[in-house]
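Down below are the structures I want you to see.
Consider the two complexes below, in which chain A is the common component and chain B and chain C are the respective partners.
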Partner chain A sequence: MNFKHKYLFLFPGLLVLIGILIFPVGFTVRLSMSSWDSFFPGLDYVGLENYFRLFQDDSRFWEAFGRLSFLSVTTVTLQYVLGFALALMVWKDIAFKRFFRVLFLIPMMTTPVIMTVIWKTFFHESLGPVNDFLNIFGWNPLWLSSEILSKVTVIIVEVWQWTPFMFLLLLAGLLSLPKEPYLAASIDGAGPYRTFIYVTFPLMAPISIGAIIIRLIEASKIMDTVYVLTSGGPGTATETSSFYIFIKGLREFQFGYSAALSFTYLIIMIISLTIIAKVLVRLMIRE
Partner chain B sequence: MAKIELKNVAHSYSPDVENPEYALKKCNLSWKDGGRYAVLGPSGCGKTTMLNIMSGLVTPSEGTIKFDGVDITNMSTAERNIAQVFQFPVIYNTMTVAQNLGFPLLCRNYPKEVITKKVDQVAQTLGLENLLNLRATKLTADQKQLISLGRGLVREDVAAILMDEPLTVIDPDLKFRLRRRLKEINELYKSTLIYVTHDQNEAMTFAENILVMDHGKIVQVGTPLELFERPKTTFVGYFIGSPAMNMLKAEIKGKNVVSIGDTSFKTGTDLSKVKSKNIKLGIRSEFVELHDKNADNCISVKIDKVDDFGNFQLVSARHGMSPIKAKVSRDLAVPAGDAWMKFPDNRCCVYSNEVLV
Partner chain C sequence: MKLKLTSIIPLTVALSTASAAYADKWSDMFPHIKNTGDIPGECSYESMSKKDYSGQKLTINTHAVPVMGEPTALHAEQFSKLTGAEVDVIHTPAGDLYSKAMVPFQAGQAPYDIVFGFSNFIRDWMQYLEPVPAKYVEMRQMKDVTQSHIDVASWDGQMIQYPIDGDRHYLKYRKDVIDNPEYQAKYKAETGKELRVPQTWKEYAEIASFFNGWDWDNDGELEYGSAEVMKKDDLMYAAFYSRSVAYSKNPRTPGGFFFDLETMEPLINGPGFVEALTDWVEATKYVPPGGINFGLGDEINSFGGGQTLFSFSWDDAFVAAMEDGSPIKNKVGAAPLPGSDRVWNRVSGAWEETYNQAPYIVWGWAAAVAKKSKNHEMAFDYLCFFANDANHQADIAIGRFGVNPFKKSDFVPEIYVERQGWDEQIAKEYSETLIEMEEKSTNRVFPLRVPGVFQFNSALATGAAKALAGQLSPQEALDEVADQWRKITKRIGADTIREAYAVGVALEDNLK
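So, the complex of A and B:
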């Protein structure tokens, strides 16, 4: 395979790759070593100063990162459990199977930002219908302005929005499972519980891992929900990494510093998702 | 262990439509306790349907099934106490070999000591005793298939072990050994084995009794020898034996005489009651004799081709337009061109309307 012109043919693809991936990442790295902000715009060189600032005295970023980890792990776990349950429900022959399958997908088809606005109205502490109802029992929970409840609200909205995605992937997985293991299990006398533990779950492990990883990647980008629902508040109670980076970069215009944040965030995500994927494979497939 | 009886059993996968198509046509059968059976037939002839009806994975649309006289038609698979081995090995991936083998007992709440004892015993029979603590996913395909089988053997009281083409995924050498193992198991445990296959060699070497099916109908039940020497229909003649039975259009000429063109043949069959015009003379290529002179029961043929198979020669010849094949000893010098073939009268099978007279 010594074909002289191969680079010529690879060149356009490489050009696109450089334009949309390699250059932006490289530029971010370079930018992160500058002090570019709205007062002193320009690509100067300050070495690793931004990184020292990040690692030494920016606890807000690390708190945001911790919050993000908590939110994404919680939402994805809930989505997985609910999605799996819903998928199992409409997997077997039940009445109105088609209707339920479509119904469960609707949240995913809606626009996240708009749905979040609706959820925000829903959870509005003095005007929303949720508290209208809870007032009957004399409760008035602060859905959006309590430090703990605001996280719960974000989780509810995220779970509502993205469980259908999990449901879709897991249902597709269930529908593609072979029949024989189930026949064998029923011949061996396994009840529904044992059948699930020893047949369905192990067979679904590969697709589960795929679905969980996809959702984790998506969930760690969480931004629109937080932006619309709480704007990271109260205080920084629901502020996540991407939202914090957004504040630093596009509100305070500290481009240099936010580039350092972005790059650090990228590295951490790559490493942690790789580890998570490995752990999941170890836990669920156990070969 | 049980005697299995099928009474007027028939099954259609869509019984509600007008003129339903039956995957299994009405049949009455009884399987002897401890017998070794093969169900043989081409793909789509209803073998698997029959098996699934017995194991309870399919409820027949008509008829009843009895185990030892007890009607079990509507019982679930677990209650029937039957074991089934599928075409592809089914193992529980997360378990070890020992856990896999013990699973049917675990599901039936046997005490732990009993399970361990039975598992050890079965592992020994199957030659898996060194693999017991290995995770089942690490095994080869044939070992996995042994586990599938072993799960049927751990329960002493299984009514029958049903096997649906269990050796398809296994290479020929192991196939032979596993088949022998199965025979030994049958003798040891005296369990009824029912083996579905489309491979006649497998059926012939494995079973005491073979059930040949075609288009949802049971065509013939018999020992391998019966199927070979006296196939009940032309289908069985074609399907069993390699090459297929020679079938020649014939006419009845007397009490036990038929003719093919101008040549008359004496047969061992009384033909005085046969009315039909659709008559065929069938003879196995193994029984056809090759001669260079005309004699009784001989037909003139033109030899097209001789294939040397090492242990025999297969002579392909023609009488007019009808092909005749003969298996002859490899020492025999086969004449080129014209020759005579003799059909010994006791080997001739006469078929009227495709059914043996």
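So, the complex of A and C:
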């Protein structure tokens, strides 16, 4: 039989793939080898000049990457712990279970930029309600203008916004778990703690890894929260890689250089997420 | 450039008589101009009503509502009713105005007939913009624009942007506090000094520190010394230049404020700038809690809401404070930016122990017509209508519009007293402060207007923000900025930057 016509069916999908993935990446690579900026528009060819500049002369990018790594790992860890706890809470039969399930999802359904504006108003050091309340106790923390606290604020907003996503995935995982291991654990006399450690957690490991990786991918793109809350400040205390690339590309209009930053960042993320996934599998999945 | 009374007198008379004759048919149709009625001119309501642009469409990219976005939309609606044109107004956040126009410019597209932006975009945008035709440049309403703002809108003598707004940084202060005899006595008793409008940045810091953190207006809330734009990348570089001009703009050393025009070596890490940044780091102690994260909106709300004694930057905070309904209406004063007791001489490499003051004619809102637009005449007519005398008088009274004085006839105190209910003395101080900066000073600093201007300003904002956050010392921060500026200059080309910078230096050195 001749199956050559199968390629005809693959062709539309292939076209879409080229259009939305391969062409943009290819164009970014080409752009990264040009000096396109506000004064020299166009795809001239400067070879790897932008990459040399990045690796030899741009410590700010690497500092931003270090900050991003810290913020991503911290927020995703907190989201995982909180999301798992909330999922466990509404997994069992409790009163108003459906109400809580919907309630916990609300932050994820709101628009990030709008919610960040609201959070910014909350945390405004001289006009916001959080400090109005804390002033009663004589505290006036600098949520947005202290180098350390501004990171904490970004983490709070990110955790609030995206813990529901983790909750949703983990709850779906919990609801799909087989009942037999729990019966066996119960017969063996295992209490809730042991059941969680030796049954629930291992059974949830595959979906946990998936959820963590998805959130890490998303968290590594953190931009809107930083943009609205702090503009990367104070100083560069909350400047992340994506915000830095945004500044270089769309504020300073250095298209060529920001393309080099973007492509390098993409490669770094692919490598680091692959390593993280492998480490998580080794740590969380027992043979 | 001296203020020409011959040009002001007829205008003032026209505006005064217009204010008496406000109940005309145009103000009935368009309540926005109810205070003046239509004011005769080439782009007045009457004149525009005789144009017929039916079936034609004008697309405008402007800022988000309300600042500049609201008047753009309002005048678009009026223009449409008068001329029959279809006007599509697109609102864009401030940070995206540059790129939203630049991307299609570079791609050879013309999605917008008119683009709004900041006046310091001029060098990067000018190759894509249609110069303002002589017909409009010669109009009476253009003759009323101050020379400073003709210069801001022009490149090497050719007008590229249509003047719609005027900006400069000046000092705003709480007059009810500075002029209060009780506080004057208290200040004298505790510091041994006179309480007065600060003449230098050091005096500004002393007074701001004294009035920081206590309830000096008896409203039950704490008040603070100063509200300033300190948030990184939120126009803060302009605030830093305002603090730097007194220390670094030496009228005896022409040839560049930002760079040495001859060598194109950055001057940004010189002792004058370092002194200014050191002052600014000190200022973090007398701003409201979180003041280091204040953008322009926060500054306007903070000073306009009565939270601080001082503020300096664009007009908006002052106009907002003087609007009806403001808790501090007629309690604020305007004065030139503070000066300094010494100024750096980069030629001799030493401080000159003499008083120095320099106005900063900061960039402001600008609008221009795209070269590739197919509706040049309609587009210029719209801008001319936007800035006609009646619209302009109405616009400058509304703080949230972001339209500020730039016409000689704006600097007549009576218009603020009669139309906006300002205290006479405050109106006089305001007008004198502005006209002094605009027309009388010979030591002005203009904004940096060179290719890649955003790269330079962004590098400065990052360095200054690091110093304000305590990540680097002022000297280290500005050394880092100077290093970045050298690299940007090298990338774009020293000669290219020099050629553009020379245009601004000629204005600063009063050569043109």
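Quick note on the criterion: the second predicted complex is superposed on the first by the 278 of 287 C-alpha atoms of A that agree within 3 Å, B and C clash if a C-alpha of one lies under 4 Å from a C-alpha of the other, contacts with A are read in each partner's own complex, and residues count from 1 in each chain.
Note that in this section contacts are C-beta pairs under 8 Å (C-beta built on N, C-alpha and C of every residue); 3 or more make two chains touch, one makes a residue touch a chain.
The structure displayed is predicted, hence computed values, not measured ones.
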Discussion item. Following the superposition defined at the top, how do chain B and chain C come out on chain A, clash or fit?
Written reply: fit
Worksheet item: If you stack the two complexes on chain A, which partner ends up touching A:Leu10: first (chain B), second (chain C), both, or neither?
Response: neither
Practice prompt. Mind working out whether A:Leu183 is in touch with chain B, chain C, both or neither, as first, second, both or neither?
Written response: first
Discussion item. Let me test your reading of the model: by the given contact rule, A:Gln254 touches which partner, first (chain B), second (chain C), both or neither?
Written reply: second
Fill in: Winner by number of chain A residues touched, once chain B and chain C are compared
C
Item to complete: Rounded to a multiple of 10, tell me what angle the C-alpha centres of chain B and chain C make at the one for chain A, in degrees.
Response: 160
Fill in: Touched partner set for A:Leu48, first chain B, second chain C, both or neither
neither
Worksheet item: Of the two partner chains, chain B (first) and chain C (second), which one does A:Arg194 touch, if any: first, second, both, or neither?
Response: first
Discussion item. Quick check on the superposed pair: does A:Thr236 touch chain B, chain C, both, or neither? Answer first, second, both or neither.
Written reply: second
Practice prompt. Considering only touches as defined above, state whether A:His124 meets chain B (first), chain C (second), both or neither.
Written response: second
Item to complete: Please state the minimum Cα-Cα separation between chain B and chain C in the superposed model, rounded to the nearest whole Å.
Response: 48
Discussion item. Give me the intersection of chain A's contacts with chain B and its contacts with chain C, in residue numbers.
Written reply: none
Worksheet item: For chain B, which residues count as touching chain A in their complex?
Response: 55, 57, 76-78, 82-84, 86-88, 90, 92-95, 103-104, 107-108, 135, 137, 148, 151
Fill in: Partner chain A, residues of chain C touching it in the complex
95-96, 98-99, 102, 106, 124, 224, 231-234, 288-293, 295, 301-302, 307, 451-452, 454-455, 458, 462, 465-472, 487, 491-492, 496
Worksheet item: Touching chain C in the complex: which residues of chain A?
Response: 35, 37-39, 41-42, 57, 60, 124-127, 131, 140, 142-145, 147, 230-237, 247, 250-254
Worksheet, complete the sentence: Per the touch rule above, chain A residues touching chain B in the complex are 178, 180-181, 183-184, 186-191, 194, 198-199, 202-203, 286-287
